[in-house]
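Next come two complexes built around subunit A: one with subunit B, the other with subunit C.
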Partner chain A sequence: MDVATALVMAMQTWGIVGALVAAVFLTIGIDRIDEDVRGAYIFRPLLIPGVLLIWPLVLWRWWQIETERAAWADRYRPVRASYGLAVVLMSLGIIAVVIAGLSVRQSWPADIAPVQLSEGAGQ
Partner chain B sequence: MSEKPFFVGYLPAPGPLRTFLLTVCILLIAGLGGAGLLMGAAQDDPGPGAFRFDYGRQTVTGVVELTPYPVIHVTEGNDRIKPGDSFLMTAGGKSGVDSRAEPLDGQLAQVSGVVLERGDLYMLQLRGGRNGLQAAEGDAPVITPEPQGRWKLAGEICDGKCLAGAMRPGRGLAHKACANLCLLGDVPPIFVSTQPVLGEEFLLVTGPDGTRLPREAYDYIAQFITAEGEITKRGDLLVWEIDVDTIEVTE
Partner chain C sequence: MSVKYIPVQWNPNKWIYDAVMLAGVALFLWVFLYVTPEVLSHERAINPQIHNARAFGACAFVMLTVILCIGPAARLDKRFLPLLYNRRHFGVMTAFVALTHAGYILNWYFAFSSRDKLVGLLSANTSFGQVAGFPFEVFGIFALICLLILAATSHDFWLKFLTPPIWKRLHYLIYAAYFSVAAHVSLGILQDQKNHVFTVLFMLGAGAVIVLHIAAWLSERRETAAKDGAWAEVANVGDFREGYAKIAKLANGERVAVYLMEGKLSAISNACAHQNGPLGEGKVIDCLVTCPWHGFQYDVRSGRSPAPFTEKVPTYRVRIKGDMVEVHPDANPPGTYVEPVPLPEPEPEPDTPEEGATA
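Right, the complex of A and B next:
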């Protein structure tokens, strides 16, 4: 399996799991952890793309709230508290990607001249 | 009650926040502008390729040859396309004209479309259906291929349409996915040589023995490579039959 195939397979797997999580969370889970959404359905399809992308976080938050493992306010604080770190890491990540991309970029092999290895039949 | 200043969008900014906001705005604008400048400066020149709508619709007559990619050897030209020229063809979008050209192999045909031009390389994006390619009356001269021997070349495999001007950039890694899609759609592949080969910088690249570019070569599209293969002159077009087993990526 080459790198491209592995990347595509990883994305597909992530998306399939995300779709399953979205199906369960938006039909069952969201009603269990947020009483304000009970009876409201039109907005739920709008959440599908987001759940597809961050389904591990959705599962973790669902578990946190469902099991009441933290005080009410603390259930929301951890995510917000990590925003600053996430911003810094993502910024550094972008810079690292650009530098890595530029460092592995090929240079045009202008100094390699064409070489005739054998003559043609008509030459 | 906290004395911490609080920003409200529709009210004047609190005094202590003004300096901070002004500094952030200036840094953000200057930073983004600088980043844009750096990224732009790091890009390769996309080259002079372009659609030449300013030339108007071009209609010429010539012999269709399948190399296996369809080539027209012009027998009756016009002000811009001269008899003796050989050029490649494409359809709209990421499509070739194989299905229309195959029934006309070796026959005289009239082609009509818009020119894509990049230096010495040009091709014609044909009009739809028979308006773009149709059989013409007359005897078709026989095009004799002229073998030019085996060559080792350095350069890059591109899709001919984007390289000739349909996209900017039409080559390089940034264009790799587009090039692969074009080739899957039967757009002819072109090899850009680092230095002229028999006077030409651009060669039509095919597989050995008149086959299409092998799928194994698609992994190397848009990368700088060296490879070996037989070159044959067809009309005034060089066709390089690349030997995929000899492909090596350069530093």
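Right, the complex of A and C next:
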């Protein structure tokens, strides 16, 4: 099996596990951990793509809430301190990749006269 | 108990926002496809699928650029705040536009592959060791996955379930996605440009994102550098207006709203428990401040929503030192009552002779 086939299989497996997690979480788990959800059903299908994509995070948070392991203050801990790092890394990365891209760009040979490489079939 | 979840909390502003956004997307696609082929050097697109793929790809880049400009622009100038308040619909729409771009690519270039289309996409070019001819598709795939994660986790439920810090960290993927899009464009379509208009437009867009974000970050750094003590300064006593708040930014990045209500000061977190709306922009009526985003209310003395609602936000201690109102950066547990601090009585004005009076 080549790498590309393995990657696609891994994505499919990820999606299947996510679908199972979504089925259990959106019918049982979600009612246990959030009282605002009880009696609200129409919005639940909207959550399916999210669960499919980040199901490990969903399982971790579900476990955290069920076992009451998260300290109350964690919810209010700001993350703006990481903003500068994220922005600087993004900016440097963009500048570097644009320079790299432009430096290897090949010029379009529009000014070169056409040259016949082989005799035509009719000659 | 609180407000039950619904798919979308529509209001007139959101309808207008979304209508303008959809009209903008339609206009962009029309201009790209039919008005400017020669300007953007795609006057000889090989077939309609490739033409459409380029149009949707360019549209997704422009939308992502605008989204990333809105945040820092609103921090630098409050007049951009209305654009910020419904940005997540913009994000969801961008993910759909990017997905359409990927669909056109996949269903044209790999439609006749003997293998699975995705396998074909991932195995078509594996020259990872060189810049020229680098498989730029991987950057596009990564950016698309990021955009899908951000769109799929944009509902209110996710913010509450994951908690704002985790949700925010997850949504920092937007920066990785934008870099990835820039790499996708630089090593992809930019390699095949016969004129430079598209190149210049792309660089202007990416440059605007970089400049605005760096400017907003530096501005925030300057603000917080001056507030690195135990108690943070908020504003002068005389700056407070009855029923309104002053917002203080603490050294740790948290924002605190300090309200003047019936001559006394109270402080709560500026972030609404519902969706992090700016509580400090709300007005206090009968001890309750109303979040300007979705109307959630809190008692500014305790940070609690009125019964039967159960939302709570942290409170803070306030003191007055000289003429300066200060707030302690350590938050109290959400819903903790804090006795409001009365403002000092204003000193009586010295008697002055009436204008025009003579001795």
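The rule we apply is simple: the second predicted complex is superposed on the first by the 72 of 123 C-alpha atoms of A that agree within 3 Å, B and C clash if a C-alpha of one lies under 4 Å from a C-alpha of the other, contacts with A are read in each partner's own complex, and residues count from 1 in each chain.
Note that in this section contacts are C-beta pairs under 8 Å (C-beta built on N, C-alpha and C of every residue); 3 or more make two chains touch, one makes a residue touch a chain.
Keep in mind the model is a prediction, meaning the values are calculated, not measured.
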Item to complete: Pick one for A:Q106: touches subunit B only (first), subunit C only (second), both, or neither.
Response: both
Fill in: Partner touching more residues of subunit A, whether subunit B or subunit C
C
Worksheet item: Which of the two partners, first being subunit B and second being subunit C, lies in contact with A:S118: first, second, both, or neither?
Response: first
Item to complete: Please work out whether A:T67 is in contact with subunit B alone, subunit C alone, both, or neither, and reply first, second, both or neither.
Response: neither
Discussion item. Quick check for you: in the superposed arrangement, does A:A40 touch first (subunit B), second (subunit C), both or neither?
Written reply: second
Worksheet, complete the sentence: Check: subunit A residues flagged as touching subunit B and also subunit C 2, 98, 102, 105-106, 108, 110
Item to complete: Could you pull out which subunit A residues touch subunit C in their complex?
Response: 2-5, 7-8, 11, 33-37, 39-40, 42-43, 46-47, 49-50, 52-54, 57-58, 61, 65, 70, 72-84, 86-91, 93-95, 97-98, 100-106, 108, 110
Worksheet item: Once bound in the complex, which stretches of subunit C touch subunit A?
Response: 1-7, 116, 118-123, 126, 131-132, 145, 148-149, 151-153, 155, 157-158, 160-166, 168-170, 172, 175-176, 178-179, 182-183, 185-187, 190-191, 193-194, 199, 203, 206, 209-210, 213-214, 217, 220-221, 252-254, 269, 271, 310, 314, 331, 333-334
Item to complete: Name, in rising order, each residue of subunit A that touches subunit B in their complex.
Response: 2, 98, 102, 105-123
Item to complete: State the interface residues of subunit B toward subunit A in the complex, per the touch definition above.
Response: 39, 42, 146-155, 173, 193-197, 219, 223-224, 226, 228, 230-232, 249-251
